[in-house]
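Here is the structure we will look at.
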Amino acid sequence: MTHNDKMIEARPAPIRTVGPLAWLRANLFSGPVNTVFTLVGLYLLYVLLTPTIQWAFINADWIGTSRDDCSREGACWVFVNARLTQFIYGLYPRDELWRVNLVFASFAVLIAWLAIPRLPFKRWVAIATLLAFPVFAYVMLYGGHFGLPLVETHRWGGLMLTLILAVVGMVAALPIGILLALGRRSQMPIVKSFCVVFIEFWRGVPLITILFMASVMLPLFLPTGVSVDRLVRALIGITLFQSAYMAEVIRGGLQAIPRGQEEAAAALGMSYWMRMGLIVLPQALKMMIPGIVNTFISLFKDTTLVMIIGLFDLLGIVQAALSDSRWLGFALEGYVFAAFMFWIFCFSMSRYSQYLERKLHTGHQR
Amino acid sequence: MSEQATQSQAGAETPMVEMRGVNKWYGDFHVLRDIDLTVKRGERIVICGPSGSGKSTLIRCINHLEEHQQGEIVVGGVPLTQDVKRIEQVRRSVGMVFQHFNLFPHLTVLENCCLSPMWVQKKSRREAEAQAMQYLERVQIAEQARKYPGQLSGGQQQRVAIARSLCMHPDVMLFDEPTSALDPEMIKEVLDVMVELAREGMTMLCVTHEMGFAKTVADRVIFMDQGQIIEENAPEPFFNDPQSERTRLFLSQILGH
Amino acid sequence: MSTRPQARPAGPRPPFWRDRAKRALIFQLLLVAAVAAFLIFIIGNTQANLAQRGITTGFGFLNNTAGFGIVQSLIDYSSQSTYGRTFLVGLLNTLLVSALGVLAATIIGFTVGIARLSPNWLIARLASGYIEIFRNIPLLLQIFFWYFAVLRALPSPRDSMSLGEAVFLNVRGLFLPEPLFESGFGLIPLALAVAVVASIALIVWNKRRHEATGRRLPAGWISLALIVGLPLAVLVVTGVPVTWDVPELRGFNFRGGITVIPEFLALWLALSIYTASFIAEIVRSGIQAIPHGQTEAAQALSLPQGLVLRLVVVPQALRVIIPPLTSQYLNLIKNSSLATAIGYPDLVSVFAGTTLNQTGQAIEVIAMTMAVYLTISLLVSMFMNWFNARVALVER
């Protein structure tokens, strides 16, 4: 009965519903309760941020060589500055630092290559990272070959040690984790229960007891006279701990692959290891990367525990520097610096894993 | 009590739903443009149009799931404002059926139907259950009353959703594409229930592309495009002699093959 | 054996290394053999090592006198007590800090998680700032921060910070007044018990009444008023039969009242704040996991906002939240072992630390410590499985 051929032109929304004022109204002052919350929030922000900024930037001292260069009103970054080399490399000989730099620079290139989706030859780079790089890194860092002076592990420390612990623990835990995950899904009862017990045991106890065990009990387990480097002992403990968590992430990834994939592979006449290695694991690994990155973040934070068994990781070396009689009273600066370093690493990794997760989700909708 | 008062004062003459000059924006996007629509008691209206034309938004404004920014919406004599009590009052008299059913998965079919009668209308469980069973029988699903929604097929779930709305004794029912998430063989069982409901004189607004349903039960068919009502007519002239070029185009697209 | 026919297709039998069943059996036997060989190797070495160092194995050392003191103990303990009692004291201290940590982490975590979803932009930003800062900094660092940078930097007892001259905070810890109960005070717990029983009865009655008649009282508020009000009323009527032992500065430290040691405060703060940032994320994603259609359907049924949350959103969100929440609780309990780094006398610190060093009984001590954590993990995961089975949504 009615019809209307003339289009009504789109009109801009009334001013009270769009624009910055409307945004403020909708997001900050949409009612009395909300307004109170906003004001409390603003006050909180003011109370927290003003002294922090004043301390860390405005009143802070940056340049100098000793504590006399600090005015004591704000932060004394001179302390961190003076100790920076130690915080990053531990007691590694000053003349040999290039070796550490080279290892980490090449590691950064490899990881960046793997992390940026567009670059080609992913598989080969991954194999190089997992197989060739550890040998290279060991030779470079430990030395004793090719005319490189030997550097004992007790001189390793700081951020360098933190990264070594986390990366080695992770890389070593990956294959064990894959085997455990496959074992847990196996239909052979003994294999399955062995894997379940193994995984649940390491997941059920705190890392610190594992580290105690590795440092105190491991020497007892070995034949008399055989001694193991302290760093290696810590690495064994971390690897066992991490492999149990990795196994659970991998199991989750395996469960996400439809049964049809394995059935199709079986229908093509593939053996168990071919089905797993060629069809299921490559697909599952892709889906697991966010989970793997997340466990890596936890591990990265957990490496700080090694200081309890006497290794000087980033936190350990900062803690040790705090008791230096020339620099007493700068605990806050030391912790803030260490926290900042850890935070940068963990935050960027967690953002990356969120990005991957989003990418995976959209990929599946298509 | 105020509900009854407004109803009796509304009487048969006053429209069930009245929208005057309704405009709505999502941010800067003008979704509803100068909507005028009056629905009389017992009237059955089918709204169709291309996706993104604002038809779902239109009916979602009627029970205030969406807020309009300009104009006036009066439901059963109650004007919709920001007043929470009024919104709840309007929602008590307006039933809604969603595209994706939105049954509560943690409650059984029967509990889904009793939830609002018990908590809003303050009925006893016995009374609420008796009434729910009555409606579940009407949608022919009474034997599933103790099951959970996850155990039912899509068509069954949608019939439960209709029964759940009916348990509130609504004066108007809104249907937001009730069959478009269903497999073809299940569409009929839902449409049958809706036709039955229309026969009993329920006031209905349906957003749907089921043109067969529109032809059988609708008093009026409304075609919307780009947020406005383009054409509004009784089904026969609407389908046989559409006035607007765009209505013709739309109808040829959905009936053409 | 049963008389059922063998589930084996007819045909020539394959050689045993190609028979699937036999292959599985051989593989498993090999695994058992490998594990056994490994264990024999380890046990042999260990025995040789222990013999060489002159350490006797066994749990006899638990009855020996410990000879060291512990700064915080929930049960009677002195340096004359046995190692067995040391174990108990450590365990109780672990449970104490864990329980209070779980409580605080839950409160902070739920608050921040809900704030993260607030329509108020600023509040949501503040909440996500909290989450991103605290979950990306190692817990041990946070413990050190609270202990060495904050609590150790507090003024000496003479210049304590105080709240109403009753609560004092200084480098030695937090000093709280301790209530001393006089005769007649017994009525107050009695009143509380009466109020709790009455509240439970009221809630049950209210539920029945709602089912029977559809009408209901605001039972939650009435119960709250009862539980708070009744003991208070009794307190006033009986003339306040309680005095407070207010801590007092004597010499270099405070005497009297309750002393909360700084090690406990630092550990508790760090554990709660760190774990809360994870709980907040769990709560946020749990609530977001509920499709918006659920809220809309409930609103369309004219349920008011409070009931939409209580009847539709919360019951569904809890199903998503509780499993990861319990594993966060487990993490908190395990993380409480970091106590050892600042000297809070928890199980790891006094038992796997001091006791181990004094006795050298590494195997027994570490086994007992691990057994405690394993038992807790096992109990919690049993609860989790039970809970999941109970609340799982029924699907086709």
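Think of it as A, B and C in the order they're written, each chain with its own count starting at 1.
Basically, contacts are C-beta pairs under 8 Å (C-beta built on N, C-alpha and C of every residue); 3 or more make two chains touch, one makes a residue touch a chain.
Since this is a predicted model, take the numbers as computed values, not measurements.
Each chain gets a centre from the mean of its Cα atoms; the one farthest from the centre of subunit A is B. Between A-C and A-B, more C-beta contact pairs join the chains of A-C. Once the centre of each chain is set as its mean CA position, subunit B and subunit C turn out to be 49 Å apart. In whole angstrom, the spacing between the mean C-alpha positions of subunit A and subunit C is 25. Separation between the centroids of subunit A and subunit B, computed from CA atoms only, is 52 Å. In subunit B, there is no position where the chain touches two or more neighbouring chains simultaneously.
None of the residues of subunit C touches two or more other chains. Here subunit B touches subunit A in the complex through residues 23, 25, 27-30, 33-34, 69-70, 226-234, 237, 243-245, 247, going by the rule given at the top. Across the complex, subunit A meets subunit C through its residues 26-28, 30, 34, 37-38, 41-42, 44-45, 187-191, 194, 200-201, 203-209, 212-213, 216-217, 219-224, 297, 301-302, 304-305, 307-308, 315, 319, 322, 331-332, 335, 338-339, 342-343, 346-347, 350. Of all residues in subunit C, only 24, 27-28, 31-32, 35, 42, 45-46, 48-50, 52, 118-123, 126, 132-133, 135-142, 144-145, 148-149, 152-153, 334-335, 337-338, 340-341, 348, 352, 356, 362-363, 366, 369-370, 373-374, 377-378, 381 touch subunit A in the complex they form. Within the complex formed with subunit C, the subunit B residues making contact are 63, 65, 84, 88-89, 91-92, 94-96, 98, 100, 102-106, 115-128, 147-148, 150-152, 161, 164-165, 168. The touching residues of subunit A, when paired with subunit B in their complex, are 1-5, 7-8, 10-14, 17-18.
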